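The structure that follows is given in the form of C-alpha cells.
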Amino acid sequence: MPRSAASERIRLADQAHAADIAVAGRVSDDLRQKWLKAFRTVRAETERRAAPLSPEDQVVQSMPDASPTKWHRAHVTWFFEQFLLRPFAKGYRPFDERFAYLYNSYYVSAGPRQARPQRGLITRPSAAEIGAYRAYVDDAVAELIETAKDMGQLIPIIEIGLHHEQQHQELLLTDILHAFSLNETHPAYDPDWHWPAGDGKRADAGAPIAGIHMVGHHGDGFCFDNEQPSHQVVLRRVRLASSLVTNREWIEFMADGGYTTPTLWLSDGWATVEAQGWNAPGYWRKVGGAWFAMTLGGLRPVDPAKPVCHVSYYEADAFARWSGKDLPTETEWEVAAKSGVLGDAFGMVWQWTRSAYAPYPGYKVAPGALGEYNGKFMVNQIVLRGSSLATPAGHSRPTYRNFFYPSARWQFAGLRLAEYER
Amino acid sequence: MPRSAASERIRLADQAHAADIAVAGRVSDDLRQKWLKAFRTVRAETERRAAPLSPEDQVVQSMPDASPTKWHRAHVTWFFEQFLLRPFAKGYRPFDERFAYLYNSYYVSAGPRQARPQRGLITRPSAAEIGAYRAYVDDAVAELIETAKDMGQLIPIIEIGLHHEQQHQELLLTDILHAFSLNETHPAYDPDWHWPAGDGKRADAGAPIAGIHMVGHHGDGFCFDNEQPSHQVVLRRVRLASSLVTNREWIEFMADGGYTTPTLWLSDGWATVEAQGWNAPGYWRKVGGAWFAMTLGGLRPVDPAKPVCHVSYYEADAFARWSGKDLPTETEWEVAAKSGVLGDAFGMVWQWTRSAYAPYPGYKVAPGALGEYNGKFMVNQIVLRGSSLATPAGHSRPTYRNFFYPSARWQFAGLRLAEYER
Amino acid sequence: MPRSAASERIRLADQAHAADIAVAGRVSDDLRQKWLKAFRTVRAETERRAAPLSPEDQVVQSMPDASPTKWHRAHVTWFFEQFLLRPFAKGYRPFDERFAYLYNSYYVSAGPRQARPQRGLITRPSAAEIGAYRAYVDDAVAELIETAKDMGQLIPIIEIGLHHEQQHQELLLTDILHAFSLNETHPAYDPDWHWPAGDGKRADAGAPIAGIHMVGHHGDGFCFDNEQPSHQVVLRRVRLASSLVTNREWIEFMADGGYTTPTLWLSDGWATVEAQGWNAPGYWRKVGGAWFAMTLGGLRPVDPAKPVCHVSYYEADAFARWSGKDLPTETEWEVAAKSGVLGDAFGMVWQWTRSAYAPYPGYKVAPGALGEYNGKFMVNQIVLRGSSLATPAGHSRPTYRNFFYPSARWQFAGLRLAEYER
Amino acid sequence: MPRSAASERIRLADQAHAADIAVAGRVSDDLRQKWLKAFRTVRAETERRAAPLSPEDQVVQSMPDASPTKWHRAHVTWFFEQFLLRPFAKGYRPFDERFAYLYNSYYVSAGPRQARPQRGLITRPSAAEIGAYRAYVDDAVAELIETAKDMGQLIPIIEIGLHHEQQHQELLLTDILHAFSLNETHPAYDPDWHWPAGDGKRADAGAPIAGIHMVGHHGDGFCFDNEQPSHQVVLRRVRLASSLVTNREWIEFMADGGYTTPTLWLSDGWATVEAQGWNAPGYWRKVGGAWFAMTLGGLRPVDPAKPVCHVSYYEADAFARWSGKDLPTETEWEVAAKSGVLGDAFGMVWQWTRSAYAPYPGYKVAPGALGEYNGKFMVNQIVLRGSSLATPAGHSRPTYRNFFYPSARWQFAGLRLAEYER
C-alpha cells in the first residue's frame, strides 16, 4: 500500500518569531493572549468543519490516502499532547494512553500505531469521546500558555501544531468529499456551498518573466522548512496565464479526444488512464446527457465558467500538451505570483506545476522529533502552488509548496498554463 | 475480490406447510396471529443484537466478506420490501427508492447495487433512519398479514424472509467481532458474554455408524432447498468423536509444530499459512506469554477446556492429519447426529466436515426470483454442520448445511474428529 | 501465487504386482527384460514428444501453472535419480548435484528447489545437457535393472516413476500449446496434427444407471492411491450422454448469451468470466468473422463436429445449466464407463465431473518419501474422468481420477452431460 | 504493470551534422564510407555482445523491465527497417511482416505489438532466424547508403538508429545479468570479466563549484533532445566527491543499520525496503559468512575497493543521508564533470543524482514518428549521469541524461556524494 504523504506533512519553521522569543524571558500577557487566541481560533475552525458531519460520517475511511474526520480531529490533538504537553506541561496526564497508538500518524520515534488503511475501523472511541479529548487538551494547552515561565521554546511547537492542524482542516474536507462521492445518495456536506467568486484579476496577457530571481521563503513570518533555503534561479522568458483553466476548456479537450489519445500523455499517465478508466475529471458523471460533478454541495451541474478541479498531474500535463503549452515550473509560478500577474492564485484550486517535489539546494532536515521525517516525502511527488477553496484563512503564501502523487485527484487541484517565448 | 456467499445464502423451501396453506383459502385469525408473532419475534431479535452497538459501530465494514451491522439491518428489511410488500401489498410505497440500490445484496434481477466491499461507506442513511425503515416495513408487513385474503402465497415468502434474517443475525455477530478484533482498545460487544455450558453429552466412545442411510431433509418443517432431495448413502464403518476438539488439544498441536510442518497441510492450506502468517487460531494473540483471544466479551484468556473456535478448514484438516484421524464427511455427521451420539452438536461451534459443498443428486434450482441464485455457491466451499453459539434459536437442525471457503476463520467454527475402522 | 498440482501428482500403488514380486527372490531374466522394456518405452516417448521442439521452445514457461519442456524432461529424470538410483544403485554418482535444486518439484523432504514460477529462467543447463542427463540416468537404471539381486523393492518405484513420467508427457503437450498460443506467429507443434477419429460408439440413448455399485480400483493392475479404497455408492437413476458435447453445441450456447448471462453461472465462475474477459473456449479467436482455435497443428478453424475442448469447469457447469441438464458425478461417470454406455470416454478430451476432488472413505496417505504429499491436493479442485488425445497409451482406465482447479482451461478438457430421471 | 522506459528511450538530435548534410546534395564517397563504417561497427558490437549467449539464454525475460537478448537484437533491427528502409529504400521488402508486431517496442503509431511482459515467450522466430534478419537488414541499409542520392534526410535517422542500438547494447548486458542472477548455477556471461581499472583521478578534495553556469548540450556532435535546450543555472557552492562510493563504505553503512533504520529513508524508499526485503545491494548474497555478488563473470566475492553497484536511488539517497551529505543535482554533476574534478565519471557505474527527470525549460517534443514519444517518460524517474562499464564506446558525454525509476537496481548504478558549503 503506497503510503501517502497527503495528510501528514510536518515541517519546521527553522527561523521564526525572533521578536516573540526574544521577549520570552519576561513573558508579557499580550504575548500569552496572542497565542492563546491563535490557538483557540484554529482549534475552533476544525470543530466548525466537522460540525455538519454525523458520528457515522466521521468514522469512515473511503481509501487508504484519505482519513476519517474523527481521526483528523484526534490526530491533530494528539500532536499537541505528544509534542507540547507531554514534554512541557508539568504533571500532565494523557487523556487516554491508548490514543497514542490510534492517532499517531507515522512518527516512528513516537511508537507503534494503527495501520493507515485501517483508520476507518476505529468505531470506538466515539466521536463524542474525541470531542471530550479535544476539550481536555485544549484546557491543558490554555493553562500551559497562561502559566509557562518561558514561552520561547513553546511558541515554535504551538505554531507548527496550528499550521499542522490547518493542513488537516483542508484534508478533512477533501476526504469527506471523497467518501460522499461514493455514496449513491450524494450527500451534501453543505447544501449552500458554492464556488468562491475569484479575485477578478484578468490581465489581458500576463507580463513575461525572465532572468535571475530569488525564490523560497525569507524574512519574517512562518514557513515550513521545505520553503528554504531561499536561493537564486535563472528563468527562461515565459508567460503564465492570468487565468485558471476552466471546465469549458476541459470539455473541449475531452471532445477533442483528450482521454483517448495516448500521444498526449506521459507514459505512466496513459497507463493510469487505462487502468482507472478515466474519461473526465474526478467526481464527474454524466446524468441524462449532461455533466455533473460531486461537490461539497452535493451533485451539481458542471459550471463551464469555473476552474476545472479534481484533475491529476497526468491530466494537467496532457491538457498542457494538447493546448501546445506547458505547465509552469514551481519557481516560475512563484516569481509570477510575487510579481502579481496571476489571477486566482489563491483560494480556488491548487495549481499543478511541472516540478517534482525535491529539496532546495542546501536543505537539511531539522534535528529532533518534529523534524524526524521532514524530507521523507521528497520523491515521486509533484509540487502544487497557490491554495484552494478548502484552505483555511491564513494558510496561503507565494512560497508554499504543496505536493501530491501525480495520480492524485481527490484534492481541489486544477492548473494554469505557461508559454515560453521562442 | 473473492465474492463471499457468507451473508447471502437464500434457499427455498420447496415443500412446506401443507396444513397452513391448505386452509389459506379461509384464513383463520390463529394462522394470522401465528405468523405475525413469528415475524415480530425474529425482527425483534435483530434489533436486540444491534442494540449494544453505536451508530459508529454499525457503519464499518472490516473486510469484504463482512458487512456492517446497519447494512444487515437494512438488507433483511429490503428483502421483505422487495419480495413481499412490492408484489403483494397493494398500494405499498417503498420507504426510499434509493435503498434498493444500497441494500440489495446480489440479486441481479432486482437491479444494480452497492459494490460489496464498499458497504462500509454508507454513512447516510443513518442508523436511526434504518431504524425508521425497519419500523415502516414492519408496520406494512403486519398490516399485510392481518388483512391478506390469501395467505397461501405469502407464507413461504415470510418464512424464507425470517430464516434469511436469522442467518444475518448470526453474521451480524461474526462481522462485528471481526471489526472489534482490529481495534486495539478491544471493545466488548457484551462484557458479560461467556461460553455456553454445552449439553454435557460425553459418551465414552461414540457408537460406530455404517451401512445404508437416508440423508437430507424430508417430512415436515422448514428447510432450505440445498438440504434436498433426501437420498440414500452408503457409509463405511466410522466412529465420530462425541466431543468437540478443545483449545487444550489445539495448543498441543501448536506445541508439536502444527503450524510449521508443511507435511501436515493441504498444499493450498500451507500456502495460506505462509501468506497469512498464521500461527494460532483466529483472534488469538500472546499477551505477556499467555494466549488470549478476542471474543464477544472482549479480549479474554483462552480457556483450555472450551472448544477451539475461529479455525479454518485448512487448520481443521491439518489438525485431523496430525491426530491420525479424519474430519467426518457431512453425511457421516448427519447420520451420527440423528442417531444421537454427538455431544455439543449444536450451539457451540459449527463443525467443519471434509465435504465440498455440492448439490445433492437430482437437486434443481427453483424457478423464480428467490431461487435465482440458489445453487450458485456450490463450488470451492466446504460444508459445516451443527450450529454455533451465535445461531439464533430455532435455526438449527441435523440436515442444515452451512458452507464457507476453506480459508475462512471469522465464523464460530471448530471441529470434531472421525475414525474409520480398519 | 496459487500452486498448481497439475504436473506433480505422485501417487503410490499400495498393492501391486504380487506375481512379479513373489518371484523376486530369484529374479528371472524375463522379469528384468519386461521392466527394462517398459522403462525404455516410456522414456523414449518423452523424447519423441520433445523432438519437434527447439532448445528455445523447451526453455519457456508461459504461466506459473505450466512448466518448460526441458524442465519436464529433467524433472522426471531427477525422479528416478532421487527415488531409485540414490537409494538403490550402489556407487551411483549423481550427474550434477545442482540438478536436485533445479528439478525437484515440491518434495520438501528432498530439499529446497527452484521457485515454480521461475522454472522458465533456467537457460542453463541447456536442452542438450538435459539430453545427456537423461542418457546418463537411463544407463544407470538399465544397469540397475539388469544386475539387481532383489527386484521386489525396485519394481514399485520404477512403476510409479513411469506413470509419473507419463503424466508429464501429457503436460508437456498442454504446456507447450499454451506457450505457442501466446505467440502471434501461431507455431504448430505438429503441422500434420488432427483430431483422433473417436471410437464411434453412439448409443441412441445411454441406458440409465442406478442402485448400489462398487467404485474405485480393485483387483490387478496399477493404480494411484487416490483410486482406493474401492467402496460402495448408491446412485440415483441417471442417464449419461453417450456423446461428448461438441463445438456446434457450444457455439449455440454462445449465441444464446452463454457468456453474458450471469444467472447461468456459479458465483465464482461469473467472477472469473468477468475478470478474464472470457467469451469463448480457451484458445479460440475470431479471424475474419470465423472462429479459429490454437491447436497442436497451429491455428485451425473450429470444427463444429469435434468435441469442445479447453473449457474450464465453470464453463462446463454453465453449459450444463443452460442445457437444463447436469454434469455427472465422478462415480456416476465411472459406473457408466464400466457398463460401457459412454462413447469417446477415452482419448479425446478429459471430462469434467461435478465432484470435488476428495479422499475416498478410509483413504490414508502412504508412509514414506513418495507418499509424502499424496493427499495434499484434495481441496479446491474438481475431478475429471476419461483421458485425452494427449494421454499416453496405457495411461487410461475407468477408475483414473484427474483433477484441476475449476478455472483451468489449458488442459484438453471438455464434458458430457447427465440427466436425472424424475 | 509499470511500463519501464528502460530499453526504449529514443531521442532526436534536433541539430546535427551541418557539415555532413550541407554536402549531401553531392554526396561524396567519403561521406558514404564514413556512415557505412559507423553502421557496421555498431551493428557488429551488438552481435559481439550476444555471441557468448546460447539460443536458450537469448529467449528468456526475467522480469517485465528486462528484455530478452533476442528481442534486443531484433528490435534494433526493426527500428532501421521501420524508420529507414520502409520510407526510403525503394522497393524494400520487409524480411517478415509479422516482426513489426513482435519487435515494435511502444510506438503506437507503428501499430500493435507484443505485450511487454510476454517478450520472453517468443521462442520462434529462433535466434538463428534473427541472425538472418539482421544480415538481411544490414545488406539493405548498406545498399541504401551506397546508392542514396540524398544523404541529408538519411543521416539523422541512421545516427539515431545507431545511438538507439547502443542503448540496447548496454541493456542487453544488464538484462542477461538479471536473468543469470536468478539461476542457481550462477552462469558467467564472461568468465574473464573483471572491473575496469578506473581513471585514477583522485583529487584530494574536489574543488567547489558555484555561480552561474550553462548546462545542456550545445555546439557540435550528437545529442538526444532531452539534453536541450542548453540553459543557464545558478549553483549554490558545493563540492562533489572525486571518488565513487565504494563497497567498503557501503558495508559500513550496512553494519551501522543502514537497511534497518527507517529514519534514514525516504518514505517510499522504506516501503520498498520492507516490501522487497532488501538488506544489501542488488545481486549480493552471503555465502559462508562472506558477501558475494553476481557479476558478468559469475558469482564473485565483493571487492571492498570497487564502486558499489546495483543500488537503487532509494538506497543511494539513504546512504547520502547516513553520511551527512547529499547526492548532487544533475546540473551540479554536469558542471563538475565539465570542470574535470570527478574521478571515474565514466565507464564504471552510472551515478544517481537527486534530480527528477524533467524537460529542460523550453523543451519541445519533436514532430514526426521518431519524436512521437520523446517526452513521455519525464515523470517519476530519476536522472543518472556518467556512464557504466557496460556503456559502449562513444556513447558517453557530460550532458547525457540517463533515467530510471527510483527502485531500479538491475542497472550498473552507483553514486558519488556532494557536500554544500555552509
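Chains here go by letter, A, B, C and D, matching the order in which they are written, and residues are numbered from 1 within each.
As a working rule, a contact is a pair of C-beta atoms (placed from the backbone, for glycine too) under 8 Å apart; a residue touches a chain by one contact, two chains touch by 3 or more.
Only a predicted model underlies this, so the values are computations on that prediction, with no experimental measurement involved.
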Check: If you take the chains that touch subunit C and keep only those that also touch subunit D, what is left?
Finding: none
Check: Which number of steps is the smallest that gets you from subunit A over to subunit C via touching chains?
Finding: 2
Notebook entry, point to check: At what distance in angstrom does the C-alpha mean of subunit C lie from that of subunit B?
Noted result: 38
Check: Per the centroid of Cα atoms for each chain, what is the distance between subunit A and subunit B, given in Å?
Finding: 46
Notebook entry, point to check: Cα centroid separation between subunit B and subunit D, in whole Å?
Noted result: 59
Check: Got the subunit B residues that touch at least 2 other chains?
Finding: none
Checklist line | Set of all touching chain pairs, with the criterion as stated earlier | finding: A-B, A-D, B-C, C-D
Check: Taking the complex as given, what residues does subunit D use to touch subunit C?
Finding: 54-60, 62, 98, 101-102, 114, 118, 120-127, 179, 182-185, 187
Notebook entry, point to check: Hey, which residues of subunit A end up touching subunit D in the complex?
Noted result: 2-3, 5, 106, 108-109, 212, 229, 231-236, 238, 262-263, 265-271, 313-314, 317, 321, 329, 354-356, 358-359, 361-362, 365, 372-373, 375-380, 382, 406, 420
